[in-house]
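Chain naming follows the written order as A, B, C and D, and within any one chain the residues start at number 1.
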Amino acid sequence: MQGSKKNVKHPSYSVVVSASHLRERRLWRFLTNMLIRLGYDIQFDVIGEVPIVTLLNVHPSREKDLREADELSTDPLVPIESYQDTFGNHACRLLAPAGKLRLQNSTLIEDSGVPDIVCLDASEVPVNQLPPAVMPYLLNSRYCEVDLLSSTAAELFWTAPRGWARVQAVCDWVHSKVTFGYEFSNPVRTALGVYTERVGVCRDFQHLAITFCRALNIPARYATGYLGDIGVRLDPNPMDFSAWFEAYLGDRWWTFDARHNVRRIGRVLLATGRDATDCAITTSFGRARLISFKVISDEVQGALRTA
Amino acid sequence: MQGSKKNVKHPSYSVVVSASHLRERRLWRFLTNMLIRLGYDIQFDVIGEVPIVTLLNVHPSREKDLREADELSTDPLVPIESYQDTFGNHACRLLAPAGKLRLQNSTLIEDSGVPDIVCLDASEVPVNQLPPAVMPYLLNSRYCEVDLLSSTAAELFWTAPRGWARVQAVCDWVHSKVTFGYEFSNPVRTALGVYTERVGVCRDFQHLAITFCRALNIPARYATGYLGDIGVRLDPNPMDFSAWFEAYLGDRWWTFDARHNVRRIGRVLLATGRDATDCAITTSFGRARLISFKVISDEVQGALRTA
Amino acid sequence: MQGSKKNVKHPSYSVVVSASHLRERRLWRFLTNMLIRLGYDIQFDVIGEVPIVTLLNVHPSREKDLREADELSTDPLVPIESYQDTFGNHACRLLAPAGKLRLQNSTLIEDSGVPDIVCLDASEVPVNQLPPAVMPYLLNSRYCEVDLLSSTAAELFWTAPRGWARVQAVCDWVHSKVTFGYEFSNPVRTALGVYTERVGVCRDFQHLAITFCRALNIPARYATGYLGDIGVRLDPNPMDFSAWFEAYLGDRWWTFDARHNVRRIGRVLLATGRDATDCAITTSFGRARLISFKVISDEVQGALRTA
Amino acid sequence: MQGSKKNVKHPSYSVVVSASHLRERRLWRFLTNMLIRLGYDIQFDVIGEVPIVTLLNVHPSREKDLREADELSTDPLVPIESYQDTFGNHACRLLAPAGKLRLQNSTLIEDSGVPDIVCLDASEVPVNQLPPAVMPYLLNSRYCEVDLLSSTAAELFWTAPRGWARVQAVCDWVHSKVTFGYEFSNPVRTALGVYTERVGVCRDFQHLAITFCRALNIPARYATGYLGDIGVRLDPNPMDFSAWFEAYLGDRWWTFDARHNVRRIGRVLLATGRDATDCAITTSFGRARLISFKVISDEVQGALRTA
């Protein structure tokens, strides 16, 4: 059974979580499991000694799927401190010496090959019944000014059907109203900026969607990782890490993507947080200029499906 | 006088400015322990059923000092769920029914009577040596745009002596440049707004100071609580909860207050967080109009000092 | 015919400009002409010598209606330079000496007593047919970010009937969505701020309405003057200058007021401009603190209507 | 060589830095008069009928230097209405039909060949002595928030020597603190945005410098035109229109350029105004997508200097 199976066009495939389909889903997963080669090669020009924090390891929730070690290597060699940050991400911290610094890794992960799951029945949870750990994802954050966009959110989405459909309505609106372009990249643009300028890159789409969800009392958080262009038309742009978001419905977080607004195969999560502030791939506490950036996320053809 | 035993481990006393003053301070502490009556009476007009989260209980770090129960009571009676939020604060959550809602409490706390401690020797910690739990307090948050004020912070404070003196320089600058006035209250004003408008209420002063500290790689977090007007000139304004901030130097968080910029006696902490978003006394997830607000924080005269 | 006529409730009285009603309108005006006493008493505390520009004289378009001299007097006496500013307003410029400065005047103006005219037939003018002098009122200005609100304006009003009805739809929206309150006064709030915060004072309402109109290619400008509380329920607040706006439809500027959203009697125009920047009653180029502010705009009972 | 006669009254020459250099400069002028070929080729894709206003003609103050006609031509041919706008610029207005629209011109202008004049003696004019027409250039505008940056301007420049040196100090600061890059282009960035982000394109540099000048009570206005890369190192980027600014000192407007911060030869002014809003090369009142943009500004070698 070859990798060609991935070419089956199922962008809107909906895996329903009801018990009745559970067996079927297991079967399908068995058929579609795949291996993805992940990697990056990032180079900085560092002025002075600069502490750097990375979120380049796969998220703890995906560690069980790793088939190779997932370890950041640096050139020159520097000590790396690994810890779980307050959002539950796998962070690394190092002190970059002056000069060139290269961050590299290559690892292998097994993936279900199933597109982002759709669960139309997932319902909104009353605020007073949400798990306490979820509560912060209802509030303002740096790039998500819930206070400034709550009236607009109500005007646009209050009459939308509650639950999954409402989050989807938010994604549809953002996807259709905002124009994507790398030339629109602006690291200080907030959700309000996206709403007013109607342009942006992937993080901008998610920030606006997250803000609308929170304003509607639906917890939403930012997610970053390997997008996994598996089974979709090739993107002419160089591979990059991507952003999407998660909304809390029913009893768990679900993946949404206001930028692409399609169900994708092969996303590999690196980090979640309130917004891009918490999920920066690298945060430099000093002057470190990015001079090169490469990301790899490729299906390893035939590796697993033939099993 | 059993309360004095508990005070032995009071975190406020664990760091002494210099060994030579240790005896003197202990004596003074013995003389100055005091009891403070705390309370509030807050009324809302609620439209529809509205979930409300409160941060009206004293902070877990001060629970050992309580001499009476510290329990939120509501009128009408509604179930209250009590939990520790992700920032370590004691939160309560309730579902307010439509109509009038009254939140009340009165409790008694023992306090050292010692002014906010000064520790001129407390030094800045290199970012790569900070405890992971402290790291988020270096980053952007809704009302603290570190990204937008980092150049200004560097221009204003880079040459200031490192450590305690630098945080104090930040407080001095903010205190002298910003004009206080209740008429300047604006719930959506950010640190950048404070920097440009140069007016504000207590939270605004702290947001700007916090932002400058973070831009200088000094962790800083927002704090809210009873201000404790003990031993200071009477404020003609009605009592209110107040905001101050904490900076991380050496091995702990220290109290600073860019609004008053003096060492105060009798602060009682309720909550800490990234900024005012995380520390709102009450957060309503729906329409609840504040119609009355009273806060009490009075020293109980003679109660303890005569012991 | 007494002033009691003013009590006739005609907030929505519509004077239609069509030729057929012209005679009738003249007759009505003859019956309703009134005299209004205008005045102000403004005091500053000036630090150093401060140049001040005032727009306290009635607009040149109303000079023909003056029945007394309209001259700014100052205490202490200082030379006053009078000139027409680039927007066609009657400006005065003076150099205030250090210390107290008092600006005063009292004058008398005749007014038609007719409410702001409604002309439902006034149509939108294609941009390429507008008089060149009107063109700037389609563009961005300090408090009217047309660029940031153009998508919102299109989404809200593109389907509204063109012409007068569309400007009225803008006023209706702003009036119903924004909450008025003196406590919401914020001199740096822009139209976008009004849109996001949904609170404000009179200038805020007009800024948002102006911005929406411009985004719809309808020229709109800010207007300030005596509101003329004639024939309306007494406002419990102290009299103040007010702001409204003018939209260009057909071949002229028409009065609209998104704050009150009713047709008023007795407005007396002082100044027009792009936004509040151009129409400030006083602009101080240095430190001058406003310490007292009184405005008078009262109908002189029986003075003219009995004629 | 008749062109040299016209130059006698050229405003650029009416102020000489010191009497002692008068003869030398005259000689230099004679030697350096030059001809510059100006032109542009701009193409839009127009959706629907869209009114467009252009400011593509040389400024009226330079019309006397034209050696060829300066006429906008369009493809397809459409009627063009030419008028002087409220800022004194030569505007053209047309109604673009749906589809491709091409705007073209080529003209020839004589230029003194003298670099932007420096007049160190030009002094600041007290606000109360400024010509009324200059007053608006002290106030806020869309991209120049004088109200938000006045404290910063005072803190940075209040102690700078008054007059020319102060404007130069503003230019030096902006030039040294802001990083230029086409990738930083952002049409909605204001002076405050430049101050906080410290990146931008030419218009951003000027907006911040203009705002600081106004905050210091020095009138400043935005200028756009052909930069004239004459006598300077070749810029690898394609030619574009550029922005600079003018400050009012003594009795006239002087050219400054916070982006390049050097005195340039061969600038040809197109338009001045409060900020980029008033000076847009083209303003489309509808959907017109820019698809091609070419600008020419080349010295015609040997044409005049050999005379």
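Keep this in mind: a residue touches a chain if its C-beta (ideal position, glycine included) is under 8 Å from a C-beta of that chain, and two chains touch if they have at least 3 such contacts.
Since the structure is predicted, the reported quantities are computational estimates derived from the model, not experimental observations.
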item: Centroid comparison with chain C (C-alpha atoms), farthest chain; value: A
item: Self-contact between copies chain A and chain B, residue sets same or different by half; value: same
item: Between chain B and chain D, centroid-to-centroid distance (C-alpha), Å; value: 51
item: Centroid distance [mean C-alpha coordinates] between chain B and chain A, Å; value: 34
item: Between chain D and chain A, distance of the C-alpha-averaged centres to the nearest whole Å; value: 45
item: For chain D, residues that touch 2 or more chains besides their own; value: 145, 148, 188, 196-197
item: Complex interface listing, chain C residues touching chain A; value: 145, 148-149, 151-152, 177, 192, 195-198
item: Sites on chain A touched by chain D in the complex; value: 183, 185-186, 188, 193, 196-197
item: Contact footprint of chain A on chain B as seen in their complex; value: 51, 53, 81, 83-86, 91, 93-95, 126-128, 132-133, 135-136, 138-145, 147-148, 187-188, 217, 277-278, 283, 285-286
